[in-house]
Amino acid sequence: MIDVQSLSDHRNINIDKVGVKDIRYPITVMDRNNGVQHTVASVNMYVNVPREFKGTHMSRFIEILNEFHGNLDIREFSTMLKALQEHLQAESAHMEMYFPYFIQKHSPVTSSPGLMEYRCRITASLDSKGYDLIVQVDVPITTVCPCSKEISDYGAHNQRGIVRLAVRFKRFVWIEDLVQLVESAASCDVYSVLKRPDEKYVTESAYENPKFVEDVVRDIAYELKNDPNVKWFLVDVENFESIHNHSAYACIERVNTPPSQPV
Amino acid sequence: MIDVQSLSDHRNINIDKVGVKDIRYPITVMDRNNGVQHTVASVNMYVNVPREFKGTHMSRFIEILNEFHGNLDIREFSTMLKALQEHLQAESAHMEMYFPYFIQKHSPVTSSPGLMEYRCRITASLDSKGYDLIVQVDVPITTVCPCSKEISDYGAHNQRGIVRLAVRFKRFVWIEDLVQLVESAASCDVYSVLKRPDEKYVTESAYENPKFVEDVVRDIAYELKNDPNVKWFLVDVENFESIHNHSAYACIERVNTPPSQPV
Amino acid sequence: MIDVQSLSDHRNINIDKVGVKDIRYPITVMDRNNGVQHTVASVNMYVNVPREFKGTHMSRFIEILNEFHGNLDIREFSTMLKALQEHLQAESAHMEMYFPYFIQKHSPVTSSPGLMEYRCRITASLDSKGYDLIVQVDVPITTVCPCSKEISDYGAHNQRGIVRLAVRFKRFVWIEDLVQLVESAASCDVYSVLKRPDEKYVTESAYENPKFVEDVVRDIAYELKNDPNVKWFLVDVENFESIHNHSAYACIERVNTPPSQPV
Amino acid sequence: MIDVQSLSDHRNINIDKVGVKDIRYPITVMDRNNGVQHTVASVNMYVNVPREFKGTHMSRFIEILNEFHGNLDIREFSTMLKALQEHLQAESAHMEMYFPYFIQKHSPVTSSPGLMEYRCRITASLDSKGYDLIVQVDVPITTVCPCSKEISDYGAHNQRGIVRLAVRFKRFVWIEDLVQLVESAASCDVYSVLKRPDEKYVTESAYENPKFVEDVVRDIAYELKNDPNVKWFLVDVENFESIHNHSAYACIERVNTPPSQPV
C-alpha cells in the first residue's frame, strides 16, 4: 500500500506540532506516601513535521503510549519523548498529560481521613534546545474577603477558589509539596470530611485569615521567587465569588533570577 | 433522486424521538421590562418516527426554525410544534431551548445598576395527549451555613449556589417572577456590581439569614405548592461548598394537588 | 455542640433527595478479562429527608464512601445503599457513579492492541418499593450516511457518533457485553490503533454498511426488546455530523413486555 | 469606610493581572452584511497591580463594561482599555471576549439559507509597549482522509474538524474574511441546511478534495504568510476522527517576516 504520509510536500512550510489529542488512558503515577497511584489521564502527543514531508503517522503515537504501559513516572517523560523523536523521525516532541491525583488528608481537629482530588497537568518537550518540563497542580482553597470582613459588623463573604500553580524546577519535586505550598497560602484549605469540631475550626481559622486573590498569588509567589530549585512559575487564582455570578482573578508569572536582582 | 428516508422499514419499531441537536441560534425573547431581548440559544428539535418509515428529514427541522426567524415567544411554542408535526408528518413533536437571559438589577444600597445572567431552558411537547410546557430558570444565590454559624465563635462559611427551578403552570408566568421567587429564598441574592456599602449590606444580610440547601428547596417548595397557577415543579439546589471540593445538594419534585390533600 | 441538622422543621415538606454531589474518587471496577480495573469516578449520594427533620449530615456520606474503600463491585451497590439508609436514618437512598472504563481491543486486520475508553454511569436506588439499578455505557461508533451514499457518485459522509445505552436487567450483565451489542449495530466500530490495512478494512466495511441514527437505535432496540434478561432500556444516538455543525439524534425507551404483546 | 484595597503592601511583588473573569454580557458586534449583530459574550477584564498597592477595585471593571453598554466594536477596544487604565490607575489593561457570531450562508446547489455559528475570541492588551489585538475565529469544517481514500477500494473516512485561527493584523479585518479563508482550505465547508442535491454536492466535493490536518494548517498558513496585512498568526486544526475516539491535531504559529526571508 502507498504510504501517503511519507510523500513529499510542495508548500515548503514546517508544521510546529502534529499528533493525537484527547486520548484517555489509565496511568500509574508516583505517590509519595504509597509508592504508586492508579488514575486516568487525558493525553496529547505531538511532533514537528519538517517542510519536506506531507504528514506524520498517527498510529505510532498510540503504539509508543502502549509500550510504556501507562506507567507514568515523571522521570520517564524524557525517555518517552526520545522514543517519539526516533519512531517519528522528528526534531521536536511534545507530550501533555492531564489527570486527577488523590492525596489522603485528615480533618484538622477530629483527624477524620478523606481523599482530596488535585488535578495535575504535565507538559514536556524535547527539541534541539533541550528538555523542558512543566508540572502544574490545581488546588481548591477557601478564601475570606478582607474587605467584607473589615466593613461588616459580623460575617464576611467567603468562597471556594482554585489555584493553578505551574512550575519549572531544577530537581524533582513532589506534587504533594506543591499542594502544601498552595494550601498554606489560603484563608483555609478545603477538606473531604469535616465533623462539627472540624467545621468550627475551619470557619474560625478562615475568618481570622482573610485573603484577596491578590494576597494568595503574592504569598505563593513570595515563596517561589526565593526558592533556588524553581526556574519559572506561573500562579493564578480564581475565586468563585459567593456574592457575584462571576470570578475574581489574579495571576503572576516569573522567570526566577538570582536573589540579588530585582524581581 | 431516491428519498431514502421515506422507504419502509421492516424492524417494526417506533422511534420516540428523531431530530437535530445542539443547533446554536440567535433568538428574541419576551422581556417584561424592555419588550424583547436578544440572546443566543442552543436548540434541540425532535419528532417521533412510526414503525412504517425508515427515517425523518433532518433539513426540515432547520427550515422550520428559520421560518420563525428566531423570534421566540413562549406563546408561539405550540405553533412551532404544530408546524413540526405537519411538515414531518409526525404524531408527536418536541422542542428544547437553552439560553442566557439578562435582567438589570440594582445593588441594594447604592442602587448601582448591573446585568445579571439567568440561564433558562424551555421544554415543549405536543402529542395526542396534548401540549406540555416546562419553563426552567437557573438562579445563582448566596448561602450561609446555619451549622457553621451556630458552632463558630465568629464567621460562618458561605458560598455560591445554583438553584434550578422548573415549573409547569396553568397561565403564563414571567421569567422575572420565577427568579424573584428563588432569590427571596436565598441567604442573600447575588449581584453584578457591589460597592462597599452594598458589600457590607450583603455580608450582614446573608449572615443574619443562614440557610442549608434543605432550607432553600423547602422555602421555594412551600411557595409553589400553594400556588394555584402551578401544576408541577422540580427545584434543586447545588451549593459549591467553600470548605469542600464537592457540592451539597437537595431536590424536591411535586405534582400539585388541591390544598386540602396531603403533600 | 448543638446538632442543627437534627432540629425539627415546621414547613412540613419532605425532601426527595439531599446529599453530596461531584465527589471525585478512585474506584476499582470488576473487569471481565482482568478481574478488576482501577479508574476514577464522579460520585453523587443522596437520601430522602422526612418532614420532621431540618436536614441531613453531609459528612456521613463521605465516611460511608471511605468505608467501602472505593472497591466498586456492582453487586455491592445494594449494601452501600443499605448503609446509607441506616447511618442517615433514611427511607430511600440513591447513588450515582460516572467513570471511564477501559477495554483492550485489537485492530481488525493487523490485530494491533489498543485501549478503548467507554464512559459508564451506574444509578442505584433503594426505597420502600425495592432496589433499582441502571447500568449505562457510552459507546463511540462510526456511522456512514445511507442517503449520502445512495445519491452520490462516490464517497459518503460519515462521522463519529456516541451511543448511550442504559439498561435495567434481571441478572448481572458485563459492561463488555453492552459495548459489544452497541458496536455490532454501528456502520463500523472505532479503534484506538489502526494501521493501514486496518484503516482500509474499517473504511470499506463502514461504506458497505451505511446507517442512519434511526437504524442504529432500532437495531439495538431490536436486540434488547427480545432479551428476557432486560426489563427496561433507553438507547439514544448522537451523530456529530461531518457536514453540519449540529448533531443528528434518535432515541428509544421501552419497558419490556412479554414477547406476545405489542411493543 | 476603610478602603482595604488601597492599603500599601509589604511583599514587594507586582501582580501581572488582577480582575474579573467569566462575566456574561449581551453585546453588539459589527456585522459586514447587516451592520450590527446581537450576541452574548463571556468577558474577562484585568489590570496589573504594582507592588505598592494591596489590591484593585473589582466593581469598577463592571462599571466600565456597563458604560460601553455592551456595544462591542472592535475599533472601540483600545478606548475601553484606556478607560480601564485610567479608572484603575494601572499601567497595563487586558480584555478578553468570547462570543458566538452568526453568518447567513446558502447551501451550494439549492441555495437554501441557514445560519452558521462561528465562535470568536478577541484578546486585547494596552501597556507601555503599546496596543495589542488578537482576533480568533473557530470554524467547523469537513475533512476527508487522503490515506483512507487512497488505500480503500471505495469510501473514505471523513469527519467534522474545528479550525482555530488567531491573527494579529495591521489594518482591520472582517470576521467574515477569516471564516472564508479557513473554509476554502477544508475538504468541504459545513452548512446548516442541506437538501438532497446539496448533500450530493458536498459529499462528492469533499471526496474529490481529501485533506489531512497537516494539509489544512499548511494551506491556511500558506495564504497568511504571504499576506502583508498579517503580522502574526496561529492556526490549529482538530479532527474529531470518525474511526477513533481521539482527535488528530496540527498547529502552525508564525511571526510574519518580509517575503524575501525564509519562513
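When the chains are written out, they are named A, B, C and D in that same order, and each has its own residue count from 1.
By our rule, contacts are C-beta pairs under 8 Å (C-beta built on N, C-alpha and C of every residue); 3 or more make two chains touch, one makes a residue touch a chain.
Only a predicted model underlies this, so the values are computations on that prediction, with no experimental measurement involved.
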Please indicate which chain is farthest from chain C, where distance is taken between mean Cα coordinates of the chains. D
Over half shared numbers or under half: where do the identical copies chain A and chain D land at their interface, same or different? same
Intercentroid distance (Cα basis), chain C paired with chain A, Å: 30
Cα-centroid distance, chain B relative to chain C, in whole angstrom: 25
Length of the line joining the C-alpha centres of chain C and chain D, rounded to whole Å: 35
Chain D: positions in contact with at least two other chains: 1, 23-24, 117, 147, 151, 192, 194, 196, 200, 245-246
What does chain C use to touch chain A in their complex? 1, 3, 23-26, 37-40, 59, 62-63, 66, 100, 102, 112-115, 117, 192-197, 200
Quick one: which bits of chain D touch chain A in the complex? Just the residue numbers, please. 1-2, 4-5, 9, 11-24, 44, 46, 49, 54-56, 58, 146-147, 150-151, 212-215, 217-219, 221-222, 225, 236, 238, 245-253, 263
So, in the complex, the side of chain B touching chain A is made of residues 116-117, 140, 142, 144-145, 147-148, 151-160, 188, 190-192, 194, 196, 199-200, 202-204, 206-207, 240-246
